[in-house]
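Pasting a structure here, questions to come.
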Amino acid sequence: MNLTSDNIAPAHHSVLSALGAVNAGSSAPYGKDEVTAQVEELLAGIFECEVGVFLVTTGTASNALALAQMTPPWGAIIAHSEAHVLHDECGAPEFFSNGAKMVGLPGVDGKITADGLRALLARDYWTPPTHVTPSAVTLSQATEAGTVYRPGEIAAIAEVARDRGLRVHMDGARFANAVAAVGVSPAEMTWRAGVEALSFGFTKNGAMAAEAVVLFAPDLIRNLAERRKRGGHLWSKGRFIAAQAAALLEDGLWLKLAHQANAQAARLALGLEARGLKTAFPVEANEVFAHLPAATHEALKAQGVGYYVWSSDSIAPHRAGGADEVIARLICSFATEPQEIDAFLAAIDGAGAQKKASRSPGTPLF
Amino acid sequence: MNLTSDNIAPAHHSVLSALGAVNAGSSAPYGKDEVTAQVEELLAGIFECEVGVFLVTTGTASNALALAQMTPPWGAIIAHSEAHVLHDECGAPEFFSNGAKMVGLPGVDGKITADGLRALLARDYWTPPTHVTPSAVTLSQATEAGTVYRPGEIAAIAEVARDRGLRVHMDGARFANAVAAVGVSPAEMTWRAGVEALSFGFTKNGAMAAEAVVLFAPDLIRNLAERRKRGGHLWSKGRFIAAQAAALLEDGLWLKLAHQANAQAARLALGLEARGLKTAFPVEANEVFAHLPAATHEALKAQGVGYYVWSSDSIAPHRAGGADEVIARLICSFATEPQEIDAFLAAIDGAGAQKKASRSPGTPLF
Amino acid sequence: MNLTSDNIAPAHHSVLSALGAVNAGSSAPYGKDEVTAQVEELLAGIFECEVGVFLVTTGTASNALALAQMTPPWGAIIAHSEAHVLHDECGAPEFFSNGAKMVGLPGVDGKITADGLRALLARDYWTPPTHVTPSAVTLSQATEAGTVYRPGEIAAIAEVARDRGLRVHMDGARFANAVAAVGVSPAEMTWRAGVEALSFGFTKNGAMAAEAVVLFAPDLIRNLAERRKRGGHLWSKGRFIAAQAAALLEDGLWLKLAHQANAQAARLALGLEARGLKTAFPVEANEVFAHLPAATHEALKAQGVGYYVWSSDSIAPHRAGGADEVIARLICSFATEPQEIDAFLAAIDGAGAQKKASRSPGTPLF
Amino acid sequence: MNLTSDNIAPAHHSVLSALGAVNAGSSAPYGKDEVTAQVEELLAGIFECEVGVFLVTTGTASNALALAQMTPPWGAIIAHSEAHVLHDECGAPEFFSNGAKMVGLPGVDGKITADGLRALLARDYWTPPTHVTPSAVTLSQATEAGTVYRPGEIAAIAEVARDRGLRVHMDGARFANAVAAVGVSPAEMTWRAGVEALSFGFTKNGAMAAEAVVLFAPDLIRNLAERRKRGGHLWSKGRFIAAQAAALLEDGLWLKLAHQANAQAARLALGLEARGLKTAFPVEANEVFAHLPAATHEALKAQGVGYYVWSSDSIAPHRAGGADEVIARLICSFATEPQEIDAFLAAIDGAGAQKKASRSPGTPLF
């Protein structure tokens, strides 16, 4: 059992088939191929508008490139205090932006709020040139806590941002899971709510390695080609990124796979609830954060069950487990089978039994 | 009355005289002159050891250059949550280090502690290459709260740092005030306590514009010459920075001026205490943070009295004034006269009287 | 007919099969998978030594990451005046190195020489901190002129470099073609001749997108993991880069495919010679630079035959075609068929005939 | 005798007096003082237009800041092959621009030409995103060869630049010498000829350390304040840079001092001519490049006469001395006295006599 991350999954078989299908004859290099053009069309269709599209292969590249388009080096990029982009990319946004400052904004359940952003921006602090200037806000969708912003929440945040001249980015490493969870259109989840650039993740959702920087604001398109090239992210045989994205975008496969992953997370959440185990955050997409008794945790780890302990994942103050417990981050992917969830729950049951036994050796149980 | 900052002061007359004294004939350019050599000797004497010395003209340059020597781009520089270097230099450390991450560590009275640092470094967070790697810690001396680290505190922090491979920097924009306050030797305050590089500030203490990066760790000297040149901080007519530093270092003028500034801050603190007004932090050097009733503040501002309101100076959570008060940051320089302090206190008295009057217009005062 | 580049080719079928073979079950992310470990072993075997291996997906990333390990920002990276890394990567080395200077060194047939390098380094120029400091030399192998450095040439250059403290990098976008051409071992072509880091290209030689930074100098390994992550080049599903490299490295497929490509270039060169057309450089690997009469060129272009005109490819002074001719860059890949070469030659014949006809309209041809 | 550079000179006494004159009482920090405002007015008057003014203290900072405003990281800055900004600033433009590429353009007598620039830009090379995009051209005025662009030459270059979207910068480290030499107005020499930003140097012309970035194109003003702060170039006690500039700008002192320096160069050139010694470039401002017989050079150096040998100053191919000679770079400053020139010429005479003697040892001298 391994619920470490959705990035340990293989690629979906349709993705591999698509690679084979485009692997014939010569093709214009550097993204001028037909498959790339097809992806651009597919995305325009899905988002119901003209979009700029830049394909890359990691979420880090996608986020860092998009954010670098949105900020000068003396800008501040505002993200949730526990955002991946703030902590888990080894400073990639700082590198690509030539040293912009990432500013963490706390918020419950992994979300920032319009009020929180407004208050931060209203502080008597942002006086240039002594201080950096807020330039962009980035929202993780789904969040690092497994929750999902609703279009209204996004729109409220975007309005605050727009009023102060900040650009709005969405880190959509799990965009598919978020869209599947809420059931609104991709357009409603993004540009109609004020999002100007999206890092649309395919990798966690069934690709080998494919991410699209999708730009809704036309002015953000300019020179991203140079940034991508200069960052070493322009593939010569571009059809092979594009084919992955196309395979997932066609016939709604991306949403279907996201629904599958979300469904397993829901199954897991129900199983935990049935055992009286609480979750730290609402389970809305494909991530579950479970309060596990310390002894259960140790027993599961002894069995080699794979997951991360959430408290280890941030330097920001955050909601950690209590004294006798940990918060386990459990992530389901499109490839997670119901049996795996059931086995995990069974392992908890076994660990719990073991725990009780081990905690009261020699004590009558009745 | 203007207690805004010690950087509004003029230069000390000895500094100007020194400029005149070196202004004769030609001189080797780019820091190869005799005056620069003399400053190096003076600093070696004052610190009782061999030191690397790089003269520049702003504290921002001094800090950013020193920190860039201590961190790779994927490093984390740890500073107090309210440190000047974290907030007030428009991202200069990020620029000079090519995007290292500044990490704020809270601590009372403007100081971080060895325990705080140890706990931060002990977090199960710093896993490369996902996360940045702690590379340096920087201490403001005197702090942004006007307090002063004691050698034992510094040594304890430096020991934690050394154990984890972090370099230790001291932002000594007000180093003179700190040394004067504690009465230990410059060596005890720095390298004997584990400090490896010091940004030694002269500007606030009577220079026109002179700061020295003083390096106690020989390996930090390598290539700082290139960094300084590349940053545009190598003067061709170097004697004119050096002469300023020399004028202050000779005959202990730097300490004498710092004592003067500290004395006025003490006079101010006493005056506040006599009026029942509290200070937010212990007054140890040349900065006073005074709780002022809101009405007093308004009256002072109406009279054009110059000072900053502290709550406006950070995005980190910090100790701000209560509902009916502000915390005023009041800074004395070598040029502050006792009369100015007395006038400020008198203005408070007047404001208080005015306030009471204005608060109950038409109400009998008995 | 399309001889534009070897990057317009598809992937070799073995590469695609390998992707399918590793696409089962979960796998440790971020390069900790078994396939990546296998590639590391394969490379150690092929190079007959311990190596550090960092897989990425573009040559630009591979070169820029390797060079950034070798130079400080105030360093100079010396490359042939027409090197790809100097001109065709949109400044990626400058970006990854935080602004190191690329210095072009002319040399015949696309090669720099030990004498040329020695003379450049001997100039009374490199005085820090005014000037940058030579830090690395990079050799394209095969070169941008389609020629190949011999181990003795490399060793002589590397000796000059080592004597002056420069690191030695090889841009091996066409490393396979070079090794196949010369018939020496990969070890002789690299570390035994003094190369300390190799950008080993697989993409042009049959991969979808796979390049390995291969480090022979152990000190260059340190922190490359952070650079790669920060550059957005660490794949979560790392097995899918590794599988490509493994497929090519196993059973010598990489050399077999390179031999195929080289053979077609030789066939093309012979055909040109038979037609009295000269090549600009010795044809040693898979690139042919042919002097084509201007009219022939126009006729070929009119037919849609794909190739680049070399004179357009550099701002450095270089060998361009004469007044009535162009130099056509013609590149063969593993996928180039003999028929394609023959068709190209036939097109030349047709163009020539057409040309003669068009040049003397009304003149009897017998 | 020391003709090494104009940066070995002291400051003019008026500059020192001005420092004393502004050194009274407190003053608004960070360039908000009245003296800075006065400099802005003086410059507006001298240039007969509104200008943006940013005072710094080194030419390197001034050039790098101005150029960074003009280029994206993927841009190319075109300079003369032997320009100071290309060679002698340790990569400062690359640092401040986050890695833009400096491209050298050859040209006789230290000048690029409109035709040369047009030809460079017309090359079939500048294809983004593979290649960098020309973004700016910078002209040294006076040039590194001691020559001076005429307004017509500048206007022709600027027109080519503007047609291709390049911004136009002038490195005026010796702007005063150039204006004095040609006798046109500062406006004619700059914005009326198409210059959009000028690095106006005061240091070589009598200041301690003062340079002004003068912006004629209003859009270049935006955010230069942040760049300057972030680069560590914003002085807190700004009046002390401003006072230097003001002292030189008032009553035309800057031009008077430049005329003095130019006059000594002319005297030197005449003296050389009278001795049958040629100059490498036309002597137009305050720099003289003299062909000296090798033996004369050795004799002068043996006497400790100070000057640079020009051939050592570039990695670009350039005009160096013949086999038996060197080219000596001889620079006069405002502080150079006629006696010093005469002594230098006398030393040449003596060296020549000595040379003949030393060349025939064993020959009776009578």
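Order as written gives the chain letters A, B, C and D; numbering starts at 1 within each chain.
Just so we're on the same page, a residue touches a chain if its C-beta (ideal position, glycine included) is under 8 Å from a C-beta of that chain, and two chains touch if they have at least 3 such contacts.
Here the structure is a predicted model, which means the values were calculated and not measured.
Identify the chains in contact with chain B as well as chain D, in label order.
Both-contact set = A, C.
State the chain with the largest centre-to-centre distance from chain A, centres being mean CA positions.
The chain farthest from chain A, judged by C-alpha centres, is D.
Can you check how far apart chain A and chain D are, centre to centre, with Cα atoms defining each centre and the answer in Å?
Taking the mean C-alpha position of each chain, the two centres sit 53 Å apart.
Please report how many Å separate the Cα centroid of chain A from that of chain C, as a whole number.
36
Can you compute the centre-to-centre distance for chain C and chain D, using the mean CA position of each chain? Integer Å is fine.
Roughly 41 Å, centre to centre.
Among all residues of chain A, which ones touch two or more of the remaining chains?
73-74, 89-91, 95, 98, 128-130, 226, 229-230, 234
Quick check: in the complex, which residue numbers of chain B touch chain C?
Chain B reaches chain C through residues 30, 72-74, 98, 128-130, 133, 223, 225-230, 234.
In their shared complex, at which residues does chain B touch chain D?
Checking each residue of chain B against chain D gives 2, 4-5, 7-11, 13, 16, 19-20, 22-29, 56-62, 64-65, 89-92, 95-96, 203-204, 208-209, 226, 229-237, 240-241, 335.
Applying the document's contact rule, which stretches of chain A touch chain B when the two form their complex?
On the chain A side, the touching residues are 73-74, 87-91, 94-95, 97-103, 120, 123-125, 128-132, 309, 311-315.
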